[in-house]
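Structure first, commentary second.
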Amino acid sequence: MEVVEMLEIQKDKIEEENKLSSGERLVVLKDKSCRALVEKWLGNGVDLHLCSVVGIDNEDAIQVLYYFMDRKDNTTVAVAVNLDHEKPVTDTIGDLIGSSVYEGEATEMFGIEFTGNEIARVFLPENWVGGYPLRKSWKKEDYFDE
Amino acid sequence: MSKRDYTEFNLGPQHPALKEPETFRVVVEGERIVKAEAILGHTHRGIEKVAEQRDYNKALYLAERICGICSFAHNANFARAVEFVADVEVPERAQYLRVLVAELERLHSHMLWLGVLAHEIGFDTFYFLVWNDRELVMDALETLTGNRVNYGMNDIGGVRADLTPDIKGLLMRKLDELGPRLEKIKEIALKNKTVISRTKGVGVISNELARKTCVTGPTARSSGINWDLRRDQPYFAYGDLDFDVKVSTDGDVYSKITLRIEELFESMRIIQQVLEHLPEGRIKTDVRGKLDGSAVSRIEAPRGENFHYVDFRNSKEPYRMKVRAPTYANVVSSVEVLVGHYISDIPVIVAANDPCFSCTDRTLVIDRDTERYQILTAKELRKLSIETTKEEIM
Amino acid sequence: MISDIALFLFQSIVFPGVFFIVTLAFGSNWMYRKIYARLQRRVGPDSAGKYGFMQGFADFLKTASKEEIVPRSANQVIFRVLPIIAPVPIIVGIFFIPMMGLRGMISSPGDIYAIVFILTIVTAIEIVLGWSSGSKYSLIGASRSGMQLVSFGIPLIFSMLYPIIRAGSFNLMDIVLAQDGTNFGFLPRWNVLGLGVIAFVLFLISALAELEKPPFDTPEAETEIAGGWTLEYSGRSYAYILLMEDLKMVFVISIGVVLFLGGPLGPTFGISGWGLALLYFVYFSLKYFMVLIILTIISSGLARLKIRQIVFGSWSFLTPISIVFIILVMVLGGV
Amino acid sequence: MLIIELIKNLFRRPETVKYPYETEGLNFPERLRALHIIDQESCIGCRKCARACPAYVIEMVPLTEDELEARTEKIKKKKVKPVIDLTACIFCGVCEDVCPTDCLNLTNHIVLPSGDKEELEVGD
């Protein structure tokens, strides 16, 4: 199976569909997790490659953007989930496909909790107390004296 | 099973084998690695945050400074992403020139990698021979772009410097000189008995592991994933050029050496084609004003797939810029591969996957008696270590 | 009587004694580095003295003038004292080597015993030095050093047996004299020219391992264990360790020259007295530097081996070959 | 093969150039981006370079009394002049690109080390 076909089948899970400026499909999910979607893909033998996991701080919600590629036919698709701004929680897909480190980065930079992912620190020191630096509301003065 | 035979020590953050500060926490039994863990972030500079305060023309030079070796890959990739958002057509000549610099960069990056690998296995002579030949490429890049690293070649919408006939002649000469030298390098690297004994069968990344951990670039191709963005999703002018994508199925360090040397020759071919078929025309389209929209750009950097995401919200400054450097994708596989090898293999495996690692708390533990692999989570490891400590005290 | 003592003192301290030996050690260090560099198209040491000849000496002085740091986890007494006495056994060993004449400064019927003993003692010192510094890297380096000693001890000793069998004596002067004269009127009767070439190759390989030069530099592999057993040493202690390594180079190569290349022998042109001694020394130096160059070229062309490969290769190839070779020589009756 | 190469190397000239004692064999191409030169005579003080600089190292310094008086007809309105702090400069050459009067240029003069921070300011 290929990603395009699978998305046809899973149409009911999609809230809206856009296009990035670079031409890829941007699929926003109704759910707060893309785990079920990816599980289904892998179960149906999609040769899936995960390029990256991008956290984005929109003012009203925290968005997590998974960027997938199908190695078979070279189609790319971006899957986005919108999470609660105050307490963003979603499921990890680290055990399905190698996303643990990307998710860990999103955790430390945006405070997104990936349930089931053990990695919470990738770049920042273990005793970091500076909050979530890539959030738009983050100010240096709130955490550091200088 | 006595736990007393285990020794735990840190490789890094300062260690002669690591050219960048990273930490490897390894537990060994004798010389055999029982547990390995990598700790990253010693060089985190917050470039993504800084980029949010600069307009795209300035962020371009920031992107260039993400990496010293593949600076052009980041720079061109960022430019390409912004061009998607701005919806501009990049002149064909600029596309070809970008290919030219990208391939020269691939040449120098692969040769650098080869030299570093030779140094890690204690073969300093080869290291110096390769780096000596690499100077030819560096000189070519310096003449063409104006710098050895951080070329400053790209601008949003095109390139900044044109290829004059003088420089073209010089590049031709350098390439002619480089060809035979690469043949020599190939013969030495692939036939030296000690090199073979140190790299063959070492650090095997299986196809399954490679697929699951989403490795990219030469690491993926050496594990049997036939996939190269230059061919499969052509960008710049790669669609018009003729080249082969080499694939190996062994997955060990030796196959990576073979693969990268083959890629050197392919790069030479591409450069020759570019120099011959360079179209005439402008080299730049101007991009001005505020932008709106988000875009992803992926190009095949020397070390693998380079991923840039930019998001503009009616502004000149990116609302969000996300960079995933190619080696970051290869992190998980390389640490998992370390277990079961010997201390002497650590630098080799690390260098083969390019030294850029992340702390992954999921580590493998090899059971001493049965050699059974099992994955332990951080909590279990912690419990285990507390138990062992208790045992030792009592 | 008094003049004898004076001569002995002069010999042991100035020439060809300690001062001379140390100079030779630094010279060898410079030569090794210079050739190693030139093979790699580098310049090599070139600042201290003419063509950088004083580099080894400069390194020694500079290191010795640095602060000495003793780690808390180190064995305080051994860590401080042992580096200083580490070069002594080798200097004593070098006194056995006939450089100026056919006779070394010390000579006994059992020279070879003493030499083998000193070679082993040196490695033992390295192990203790690594162990006493209390660092894990050093410990790994020390254990690797020990493994190399165990692996290459037998081929080394068996390769030395060939000249002994030919000369029928354990005395170095006898071994040298056994190589005097020529075959067929032009070919010197050195051990290396003939069946002894196998023994010489075995000796060279074992010598590289003994000297811890590539491809056998595993005990101090920089990119793996960051310097191995020398890691924690600094200042004066490290200077002495550097000196010890250079002296070891002089010692091991000299043994090779004496056992296989006829030591100081060569055409004498009827000269005698001090002139002959000088001539002997010239011959000895030429041979010495030739072996050094060969060793440098071998070591620069190979990658570092893993300790497993070294042990495996030694026990499954070198040791059997050396045993078979010696049995063959014994059967043929010291050809 | 390698052995032959090595022995050949033994008799070749080393590739190392002992810079700064000798410069023969070094490559200083025309395009090399190094030390800036500013022709303050023809600068019109338009601030374009300062605005374009990605490293924010170009500072527009007000002219002194003497310099104000020495203004020529051509640059009548000029009140400021660019001063570049080379300690933080990234030598990208953007300032050269945007300069409308071509008074700011990057040369291929790479010898910049200095014991004095003041010396690393171009334009004064």
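The first chain written gets the first letter, and so on, giving A, B, C and D; residue counts start at 1 in each chain.
Following the convention adopted for this analysis, contacts are C-beta pairs under 8 Å (C-beta built on N, C-alpha and C of every residue); 3 or more make two chains touch, one makes a residue touch a chain.
All values reported here derive from a predicted model rather than from experimental measurement.
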Taking each chain's centre as the average of its Cα atoms, which chain lies closest to the overall Cα centroid? B
So how far apart, in whole Å, are subunit B and subunit C when each is placed at the average of its C-alpha atoms? 43
Just how far, in Å, is the C-alpha centre of subunit C from the one of subunit A? 63
Any idea how many Å lie between the Cα centroids of subunit C and subunit D? 54
Taking the mean of the C-alpha atoms as each chain's centre, how many Å separate subunit A from subunit B? 23
Expected list for subunit C, residues touching two or more other chains, is 39-42, 300-301
Please list all residues of subunit D that touch 2 or more other chains. 2, 6, 15
Just spell out which pairs of chains touch, all of them. A-B, B-C, B-D, C-D
In the complex, go through subunit D and note every residue touching subunit C. 2-3, 6-7, 9-10, 12, 14-16, 18
Quick check on the complex: what are the subunit D residues that touch subunit B? 1-2, 5-6, 15, 27, 29, 31-33, 52-55, 90-94, 97
So, in the complex, the side of subunit B touching subunit C is made of residues 7, 9, 15-17, 31, 118-126, 128-129, 132, 192-195, 197-198, 342-347
Note which residues of subunit C are touching subunit D in the complex, please. 35, 37-44, 46, 297, 300-301
Can you check the complex and tell me which residues of subunit C touch subunit B? 39-42, 136-137, 139-140, 214-215, 217-218, 221-227, 300-309
